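Labels A, B, C, D, E and F are assigned to the chains in the order they are written; within every chain, residues are numbered from 1.
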Amino acid sequence: MKLVTAVIKPHQLDAVKEALHTLGVAGLTVSEVQGYGRQKGHTEVYRGAEYTVEFLPKIRVEVLTDEIDVEKIVDAVVAAARTGKIGDGKVWVTAVEEVVRVRTGERGLDAL
Amino acid sequence: MKLVTAVIKPHQLDAVKEALHTLGVAGLTVSEVQGYGRQKGHTEVYRGAEYTVEFLPKIRVEVLTDEIDVEKIVDAVVAAARTGKIGDGKVWVTAVEEVVRVRTGERGLDAL
Amino acid sequence: MKLVTAVIKPHQLDAVKEALHTLGVAGLTVSEVQGYGRQKGHTEVYRGAEYTVEFLPKIRVEVLTDEIDVEKIVDAVVAAARTGKIGDGKVWVTAVEEVVRVRTGERGLDAL
Amino acid sequence: MPELDSGATAWILTSAALVLLMTPGLALFYGGMTRSKSVLNMMMMSFGAIGLVSLLWVFYGYSIAFSGDIGGITGDLSAAGLRGMLESGTEGGIPDLLFAGFQLMFAVITVALISGAIADRARFGPWLLFAGLWATLVYFPVAHWVWGGGWIGELGVLDFAGGTAVHINAGAAALALALVLGRRVGWPKDKFKPHNLPMVLLGAALLWFGWFGFNAGSAGAADGAAAVSLINTQVATAAAVLGWIVVEWLRDGKPTTLGAASGAIAGLVGITPACAFLEPLGAIALGLIAGAICALAVGLKYKLKYDDSLDVVAVHMVGGIIGSLLIGFLAIEVLSGEGNAGLLYGGGIKLLGLQAVGVIAVLVYSFVVAYIIGFAIEKTIGFRASTEAEVEGIDNAEHAESAYEFSSTGGGGGAFAAAGIGTSAAPKTEPTEPVSEKVAG
Amino acid sequence: MPELDSGATAWILTSAALVLLMTPGLALFYGGMTRSKSVLNMMMMSFGAIGLVSLLWVFYGYSIAFSGDIGGITGDLSAAGLRGMLESGTEGGIPDLLFAGFQLMFAVITVALISGAIADRARFGPWLLFAGLWATLVYFPVAHWVWGGGWIGELGVLDFAGGTAVHINAGAAALALALVLGRRVGWPKDKFKPHNLPMVLLGAALLWFGWFGFNAGSAGAADGAAAVSLINTQVATAAAVLGWIVVEWLRDGKPTTLGAASGAIAGLVGITPACAFLEPLGAIALGLIAGAICALAVGLKYKLKYDDSLDVVAVHMVGGIIGSLLIGFLAIEVLSGEGNAGLLYGGGIKLLGLQAVGVIAVLVYSFVVAYIIGFAIEKTIGFRASTEAEVEGIDNAEHAESAYEFSSTGGGGGAFAAAGIGTSAAPKTEPTEPVSEKVAG
Amino acid sequence: MPELDSGATAWILTSAALVLLMTPGLALFYGGMTRSKSVLNMMMMSFGAIGLVSLLWVFYGYSIAFSGDIGGITGDLSAAGLRGMLESGTEGGIPDLLFAGFQLMFAVITVALISGAIADRARFGPWLLFAGLWATLVYFPVAHWVWGGGWIGELGVLDFAGGTAVHINAGAAALALALVLGRRVGWPKDKFKPHNLPMVLLGAALLWFGWFGFNAGSAGAADGAAAVSLINTQVATAAAVLGWIVVEWLRDGKPTTLGAASGAIAGLVGITPACAFLEPLGAIALGLIAGAICALAVGLKYKLKYDDSLDVVAVHMVGGIIGSLLIGFLAIEVLSGEGNAGLLYGGGIKLLGLQAVGVIAVLVYSFVVAYIIGFAIEKTIGFRASTEAEVEGIDNAEHAESAYEFSSTGGGGGAFAAAGIGTSAAPKTEPTEPVSEKVAG
């Protein structure tokens, strides 16, 4: 099994969710992160001095999936998250050795 | 070494922590996430219109461990996190190639 | 490719960011987590009774990198994050099978 | 018809506005103390009380409390609907209708005070029902007893601004409801930490500010009694802040902001019945005592295992008792009237005895009736929310809302806020027009 | 020169302070309803209005509204700069300069009210320009029409504290601006959930409190009219809270806190023109109607597809119309003056007709002029913020700030706060002295 | 004994309540500007000052300031404990005890103002000690100098409501403490961003509102002087809001809400000594100047490297100096008294000279004594918190609390809040009764 992790722009979450839904992926987990990259943050003023806010808010999306669907999922996420502007984020894939559904104790592919 | 990641219901965190403690696991890292799955969210009303809040708050628990304990840990987490109701979450295991304890620089099993 | 994950003390983030910058790492993703470990939390008083706040705020830093740089990055993070006091945190490395830059669709090393 | 005193009228107009502000102040004070998942429900209990009790006061409350007298027990319905009062006159220099408006605010806040005992677990509809019944069966008659020509006032019990009629009354009802509704899930094992302490302090500040209208406005005029009441209110409250935090400092090692805020309220409660009867040094003594004892009284609920969530009993009931009884020690004849000197000022035990009668009568009556009303509601339509609603947050269960929509990284910057998480994605129904189905729990 | 009445003066001094507080109250009420990325911009529109309109009032606003009269349409500039008023006299027992100060507060809040319609997307500079022009071309003359000796007042239209001059006036302008600026990105598909409901309730409470000065202060004295206004304001508002949440309860299944807060404002708006003319039971009827109808009126914007973001039209325009017209049904001759009985109190249709004339005149004039000013600004310097600024947060785009710097885990403990994230790392320039470059967008 | 004027009494009762509210307003204003880990400590410094200074005022403060006179330097102890004032009389139409209560509020806020300079790093106990000593050695005598029959007032220096006695006094002490306690860890490299700007605005609004009592209440009556003070307070403050944000707009490219709030306070401070002596246009000029100069004065601390954390020096000391000196330019004889015309209104240089004497005397005296007290405390029991406490959050270190318990995803829904994280799990001790050990740091 695989874990697809994506760091995307917050406003693209809806599109990504839709795209995954279309592929039949029913579950996912998201969290708030802050990204630092080529995209530069904005400046804020405080008492006449300017400060650069370097980190920008991003959303991390995690989807557990089987080996077969992983490519489709990556492609779907990349397509849905793209705005073409700097700061669109990254998607990466790692191997998962075991998955358990807590409610039932099912393991492996059944747990997805 | 392995990394056990669990996405659980917030109220089960205490039980999971206890269970891990019993197994002698002294450290863990938790974070706030939002889950989307078969469990449906609730509805909120705003100005007479209903909106579905689709994402539900979950806690992600991460535990670094050695190969030997990993099965026990997974079982303990699954048992402690279970309420039997939909939305109980997932537990998964990934391989870790290296671990370092920052304070001492110890590596591998010593770092756990 | 590799993913280096570090759980560090919040105040060390600046130093870690600088250290990575020096190594030429341009991007990273951070998130808020809570750590539970040997370092004990503080106590708060409520209505005359004391309660232990067990979890302590930590920052999780994630850096995607290639195989070659991974050791340098781990060493740099460990050095920068160290205060020598309990609770300094952990750094670990996992294997990544694929990385995509969302903006361009580039894959693998080009995506870093 | 006595002539209108425009200065007195100006002060009571102001005081009425000040007392109105106390109820939202209370909503903030209480709301900040709950967890973030039940703050709206907490605040709605206050706003609901304002809405309902204001109307009942016009319909018949004022009349029961202040119009006529039947055997010292209750007024009659001669002023129901406040009809005919538009030009009726100016009792003591202020328009009668202004007095009715000023007293309306007292009825509202007294009811709202009770709600702090049942934070996190009371359903809103049953609360409104309770509020209406308790106001009708307890507050209106008790106000008559104390201030409307009823038996307590006639007996000679002193209660300048509401130690018995307001605070003991509400505190006893709070105890009854805490018992009827039972303990919250996890209490007392878990800490129920205030989710927003600056909000608690803000609420306490608005209460303090409004309380000048409550106490000094109870003089009914802009005169020396109002002046004494004002300064005594200030210094007793200041002393109670110190009294409470010193107890914490000695006992726990640190003074807390929750303690400072609670101490302020304890001092305000304590000085309420006594404010026009003491010299400032007496008020300071009263405040120190009220602050320190109420700080200790908070421990009672852990000992006796009732979950008075926001300490209405320890602050309002206990504080009201302290203030009412200390009049018997500290009253000054020139202020409290001939024969009413306190024990420490050369008076006898009689005043203290009278005060005790007033205290006990209101305490017992309010407790018993509140218990019966609450019990009846719980057994019929159900007062307490479901465990699930309580655990997942009563705000959503009762009001289909959640209080805050921040994000971890602050205004404007948070990823979840930007992504619309929590704010949800698509509306279930196109909001072209309000939907008509019921909200699913 | 009539003698100074110190009681009346005391009450109007107090009332002026109360009305000033309403504008920050409004800023909180509105600010809590926006998303956390645009709360500062929302609040700044109110604070900017206080700053600018206060000065214009001194320069020429008071004079246009209240000094002299040219054809019933406008005052003159005889009192420009408020010069010569220092000792001028005491109209009706209070210093003229106090009356000018009291009325200043009305001008400020009326302008600020408009801003709720254009939340999340208005640039601050153009807003100030609009505020100044609208105050000059609409508010000052309309205040003259209604209260300064102009044609509406002379006609016999009753508006005690500002149903036409304040609420319909602001509400119509709000509708115009909502149309000029257009809908927000994502509206109406997305839910624009209030980011801080306790803040909304606090704002509503401060408005309610200050409104006693607004309504009862409009009596100009501490007398029976002030007393009637005060109690009517209270009970109408209480009734409107119930009216609004009952509509929600029946329609949606749950009463919301946003509904309770909105209901309060709807009640306050509704009673404003009528407060001194009704008996309390009439005020309750008015409040129930205003609360229920405004609750339903919120649906209009979804039907008609204009994005009046914080429902200024549904609450102020509709509420103002309801209150102004209901005078024609509910006025009591002994209060509203001979020949001014409402339809339900034995009067004729004439008063209702007059009220309708006042309503329509102000509504049309304000809408048209506001639309023209807004349109001109939008087409020249641009009124609406860029889409990017809107999506990423107008607070940063317009004010280089973000509202909050919390962290997920609360005060003092959050990892991001501790790490200085959001608070940024190093200043771009050494802050040894304020930098002089422009801020990059 | 002059007769009681009920209108004057009504207004001073109201004003006393308004001035009391200023201190919690200040707590919010300052508290919102700190980081979220030190907001409670900031607010507690204000609440502690209310508690302590109120009592000292009764014990001997009032007497030193206003009872008797010893060589123009200090009062005596003839009114210690406020004994014998219950019936003493009615100076100028209001009860003496009311005057004492009104002035009490001034003593409280003056002390509280100082605390903004030492945000994030002051221990609470030593702060209370400082507050008591500074009130005793500085505020009480200086109030005597200016208002109690002492040498500054006798000299002919004009200070209507406290430019010297309150603002310069507190500002100079703030500078002294900032120097004694030293810079915060990370200052000036790191940005110390306000954690809650809506809270800052709320605090500024409550200060503004309360300031009408402060300034117009200083008239001691409900008369023309009060009316002038009220409108001047409003328009000077409005002008200062514009003055400050225009400086920002020109210099930084954007107007900020922190600037608007700070500008309001600068304007209020500036107009305080002058409010009853100017015409409204003069007040506007004063406000514009105060707003603009204070905005620039904030840069001083970066130049001179002292960490006046929340800009007490730039706003209160500088603003107080501006206001006090501008009287010498803008005073109008008909208001300020014969021979007291300002330079621009045909007066001579003498008034300006006198004003400068008053400014310098208070500035030097307060700075020197505050420095000595602060230094003595730092060297004995220690004033500044440990670096660890400062970095990890002084709220927990000093008060064993944290301000907020939200969660990233909003009220009721957050995972950490639901899991009880931050709220902790099990109590260390079973809370069956309050524990007695000391809290571990």
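Following the convention adopted for this analysis, a contact is a pair of C-beta atoms (placed from the backbone, for glycine too) under 8 Å apart; a residue touches a chain by one contact, two chains touch by 3 or more.
Just so we're clear, the structure is a prediction, and the values are computed from it rather than from any experiment.
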Two candidates, B-C and C-F; the one with more touching C-beta pairs is B-C
Interface repeat test, B-E vs C-F, C-D or B-D, passes over-half contact pair overlap for C-D
Comparing which residue numbers chain D and chain E contribute to their contact, where sharing over half means same and under half means different, the two sides are different
Whole-angstrom distance, CA centroid of chain C to CA centroid of chain E, is 50
When centres are defined as mean Cα positions, the distance from chain A to chain E in whole Å is 44
Among chain E residues, those touching two or more other chains are 5-8, 10-11, 14, 39-40, 191-193, 196-197, 202, 222, 251-254, 256, 258, 298-299, 302, 392, 396, 400-409, 411, 413-414, 416-418, 420-427, 431, 434-435, 437, 439
Where chain A touches two or more other chains at once, the residues are 11, 17, 30-34, 44-51, 53, 55, 58, 94-95
Listed in rising order, the residues of chain B that touch chain D in the complex are 11, 32, 34, 41-55
Given the complex, residues on chain C that touch chain B span 2, 6-8, 31-38, 55, 58, 60, 74, 77-78, 81-95
Chain E contacts chain B in the complex at 191-193, 248, 251-254, 256, 258, 295, 298-299, 302, 311, 408
Interface with chain F, chain E side, in the complex: residues 4-11, 13-14, 16-17, 20-21, 24-25, 27-28, 31, 39-40, 43-44, 47-48, 50-55, 58, 81-83, 86-87, 90, 94-95, 97-98, 100-101, 104-105, 124, 196-197, 199, 202, 222, 398-401, 403-414, 417-418, 420, 422-427, 431-439
Chain F contacts chain C in the complex at 391-392, 396, 400-402, 408, 416, 421-429, 431, 434-435, 437, 439-441
